[in-house]
Each structure stands twice: as structure tokens, then as C-alpha cells.
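Heads up, the next two complexes both have chain A, just with different partners, chain B and then chain C.
The block that comes next holds the complex of A and B.
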């Protein structure tokens, strides 16, 4: 079909190799791991090293990561942003080797945890005290979350936009806190999303050029 | 004469060039368009925007964004000519 030596990377796991069939990025149908020592890069074959980010492929990327995260009791994965592809297994293994300590640390940070997204949106025409809302949300959610990070307020309707890293066993408490917020605040709409692979909480950047 | 022309002319071109670049930046506002794309998505998810409206707006914004990115790429590589 096409030269299959390019590898599109979804993320990095530790331990047992992975292999499953699915609709993968760029039209491939099998997702598998390429390993260096105990680390495995989760990949599928692709015909380019510069894949275009279509909605469809971005969704596939997410779904592959979600499937790994939900494997068994949940598996730690260091997710890559969309678009990372390598021209050979050797180049990819070099990256795994070079960044091994960073991947280990990142895997350790996200082990047993998921990322949840919270957007608080002001109802149309509502007048909202943004500082008070932000404080209330912080009081409710920060004690439950292991970490959190603020995201871009890309609309003037947005009062808060944060990502939370939450232990799987604290999910229920987090859900309940969100439900309380939704109930109490009439002028606000809560957009609660996830669980996602912990994109916002890993700080490993790799490049094919290294 | 050539030297004088050159000296007089150069700073002028420099300023025109800078103003032109600023104008292009505002006209082809990549960040602003990206924000609008995200807002469009959010309003759709909240049910405030119909699917039809959402898709129409998304296609529009993506087209504008593509042009804006291209203009910036050309600006960065110096391939946009400033004509007065």
C-alpha cells in the first residue's frame, strides 16, 4: 500500500507490549508498541512524517489513547500531542533511549490518574463576579485534584477553563463537586469533559530531528 | 545623487514596510481566528448554536485561518512584496 517504515506515535507506556486493531491515524488499522527496554512507544504505520491534523484523525488519536488508559484497571500512558511521526524505528528508539528518565518520571506522575476538563461559561447576558466564581471553584475542586493547570480563556463567555489531574479513586468525589456547582450556580453553565489522557500534565517534548 | 536617493529612500521604505506588516497582522489575526473556532465549538456543545450554523461558521473560520497562516508564513520568509 505505502512504505510502512514511518511510525505515527500516540504515546508512551511501560511494561507489556500492546497490539490491537482499530481505525488508526492516517488510515492504518493496527496499533502496536515499539519498545526500548521497558518503555514502549504506541504507534501505527503512516505514509508521512508530517501528518495533517484533520478532525477525524485527531479523534482517532484520542480514542487510541483512551483505549489504552481504560485497558484493564487503567494503564498509565504519556500522551503525545497530535502529529508526531518518525521516519524509522531506529529514530524512534533513539528518542525513547534519550528521554528514558523523563518518560519514567512522567509515567510515574500520571499513574492511576486521569485528566478532566472544566469550563465555566457565563450564561448569555448574565453578570457574573468572575473572581468569586474562580475562588468557589478552586475551593471545591483543588482539594480533590492532584494537580491542575489553567487554560486559555478564548471567549469572553468563559469564566474559568482548567484541566485537573485526578486520581481514579477520587473521580466520584470530583463528579459530586461538579454536580454541586451545577446545582448552585444559575448564571453559569458547567462544561465538564473527560476523562482524557493527561495531555496537560506531561512535559516531555520529543522531536524527530533530535 | 544615487547615494542621496538611497539614504532618503531607505528609512521611508522601512517605515512603510513596518506599518504594512502591522496592518497585515491585524487583518490576518491567527490567534483571534483560533479563539473564534474554539468559541464556535463551545457554543455548539452548549446547545446555543445549531449544528448547521456551527458547521457553516467552522468552515468559514477554517478557510480564513488557512489564508491568515499562509500570509504570516510569507511575511516571515520575506516573500510578501510591499507595493506603494
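The block that comes next holds the complex of A and C.
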């Protein structure tokens, strides 16, 4: 048996505690919540504060968040970046207490919403007016989305790369807008992904003053 | 006529990695291992499309934290927040 008094944190929820069995990060098998007042950190036990980044564990982290997001009618969760492991429950509760207002606001921002990704790629040899395409897409998608954020255009064939925060009840309208874009724009390949936990819409950084 | 069906693809590992390794809440190692006598700094940049104006406001708030820390008045500023203002978010259409 290895010592497992460190806690790997997946995200933060509000309200009822969570507990379920699954393949968790670092070989653990139970995911549960550690609470401070109404806030709960979704955790599993781990033997390090510096977990190694592997595809397998990144996938497990994401799957735990998806499971919570898809629970019942959908539950709000503020996702952590990969690797947020705490030395002790005390350190974790200290952060929940100290950053409680920030977590509350972030939970409020993402309540009832999911993240969707859209990448628009110019077909090979196609001559595309990127500005016109970007404007058309903004006209179609921005009114449906609650928020959006741009991502890196890492290839010159990439015309648009954005993440959208969309209300669950507007998911269908968003799907339909994507379908219309695909039908109308023969020179463009649309890569439509998600739904994800709202990773791109919780810009919170917590540090310790040394 | 029925609308064409289109569902997002949820199975892309690359898309998950893009997000999970680069986005989400970040808590630095000192806040994750320390307990005694620790003071937390929380910065919320609720700014999806940053403008110069927002950046300047943000820089000003950071300076306030540094000053308060030096003077031992951190508690008052614990809930610091940089609000997203309308002029900084041209792409946020639904508000």
C-alpha cells in the first residue's frame, strides 16, 4: 500500500456531496467530495502532489468531469487544470475557504452551460475570404452563445478557432447553426467538438503569498 | 423539411488535451502544500476578449495587491475581481 493522503482535484461543485467508483487519476478507484460549507472539491486519493501528465490520466480527469456534468439534468462544475493535487485536506479546505467568492462566481457563470469547440479549416486550394467567413460565423453563432473565446490560429488554413459557452437549452439551435454553415460553405471544413466541461471559461488563478 | 442533424464530436483526445493542460482553474504549488500562515491571492480575469483598457485596469489591481501585501492589508483585497466590462467584450453577444 502506498500512502494516499494527497488529494487530486478535478473541479469544484456546490451542494450535495458526490461519491462514485470509476478509474480515477493515478490508479485510484473512488471519486468523492471534500467540502467547505456548500462548496465541494471533487477529488480522488493520490500519492503525489505532482502527478505525471499522461494521456490516460488526462482522459480520466475529463471523464470524471463529464460524468458530473451529465448527472441528472446536468450539474455545474468549475474544472481544474490537470495536475492540481493537494498535500492535505487542510490545505485543500484552506483554498476552498480563501477563494470561496471566486468559485461561487465561476459556478454561477457556467451553471446550465457547456463548452463547445469550433474550428473552421479552409479546404486545400480553396480561395476563401477569411474576414467574410469570420463575420458570417460570428453572426450565426455569437447570438446563440452566452460567451466565446478565441484560440490560437496555429495553421494558415485555420480560418477560425473558438470555444463557445452555450446554454444547454440552446444546444440544438447551435447544432443547427453549425449544420447551416456546413451546407452553405463548400470550401470550408467544420470541426465541431464537445460538449466539454467549461475549461475555457473559468479564468481563475490562486496563489500563495510566500 | 427537417433540419439537418449535426452533433459535436466528443471523442477527440487532442481537443481534451488542448483544454485540460492549458485552461481550467490553476492553483500554485505553494497553495496546495502549505497550511500554516498562508495568505491566498485570488485573481479572476473574467475577461474573455481582453482590451487595452481592461489590461490597464487589471495591472492597476495587481499593483494594489502588491502594495497591500507589503503593508500587510491583504484581507481587504482577497475578493479582488477584474470585472468584464461591455466595451472589452465585443464578441459577447447575449448580454
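Note that the second predicted complex is superposed on the first by the 205 of 210 C-alpha atoms of A that agree within 3 Å, B and C clash if a C-alpha of one lies under 4 Å from a C-alpha of the other, contacts with A are read in each partner's own complex, and residues count from 1 in each chain.
FYI, a residue touches a chain if its C-beta (ideal position, glycine included) is under 8 Å from a C-beta of that chain, and two chains touch if they have at least 3 such contacts.
Keep in mind that this is a model prediction, so the values were computed, not measured.
Room for both chain B and chain C is found when the two structures are superposed via chain A, with no clash between them.
After overlaying the two complexes on the shared chain, residue contacts for A:102 are found with chain C alone; chain B is out of touch. When the two structures are aligned on the shared chain, A:150 is found in touch with chain C, with no touch to chain B. Of the two partner chains placed by the overlay, only chain B lies in contact with A:189; chain C stays clear of it. A count of residues in chain A touched by chain B and by chain C gives the higher number to C.
Contact with neither chain B nor chain C is seen for A:27 once the two complexes are overlaid on the shared chain.
Contact with neither chain B nor chain C is seen for A:74 once the two complexes are overlaid on the shared chain. Of the two partner chains, chain C is the only one that A:199 touches; chain B does not reach it. Taking the C-alpha centre of chain A as the apex, the lines running to the C-alpha centres of chain B and chain C meet at 70 degrees, rounded to a multiple of 10. With the two structures overlaid on their shared chain A, chain B and chain C come no closer than 6 Å at the level of C-alpha atoms.
Taken together, the two complexes place residues 191 of chain A in contact with chain B and also with chain C.
Across the interface of their complex, chain A is touched by residues 3-10, 12-13, 15-35, 38-49, 69, 74, 78-79, 81, 89, 91-94 of chain C. For chain A in complex with chain C, the residues that touch the partner chain are 9, 11-12, 49-50, 53, 55, 58-59, 61-62, 78-82, 84-88, 90-92, 94-95, 98-99, 101-102, 105-106, 109, 115-117, 138, 142-151, 163, 175-176, 178-180, 182-183, 191-196, 199-210. Contacts from chain B toward chain A in the complex involve residues 34-35, 38-39, 42-43, 45-46, 48. Taken in their complex, chain A has these residues touching chain B: 119, 121, 124, 152, 154-155, 157-158, 189, 191.
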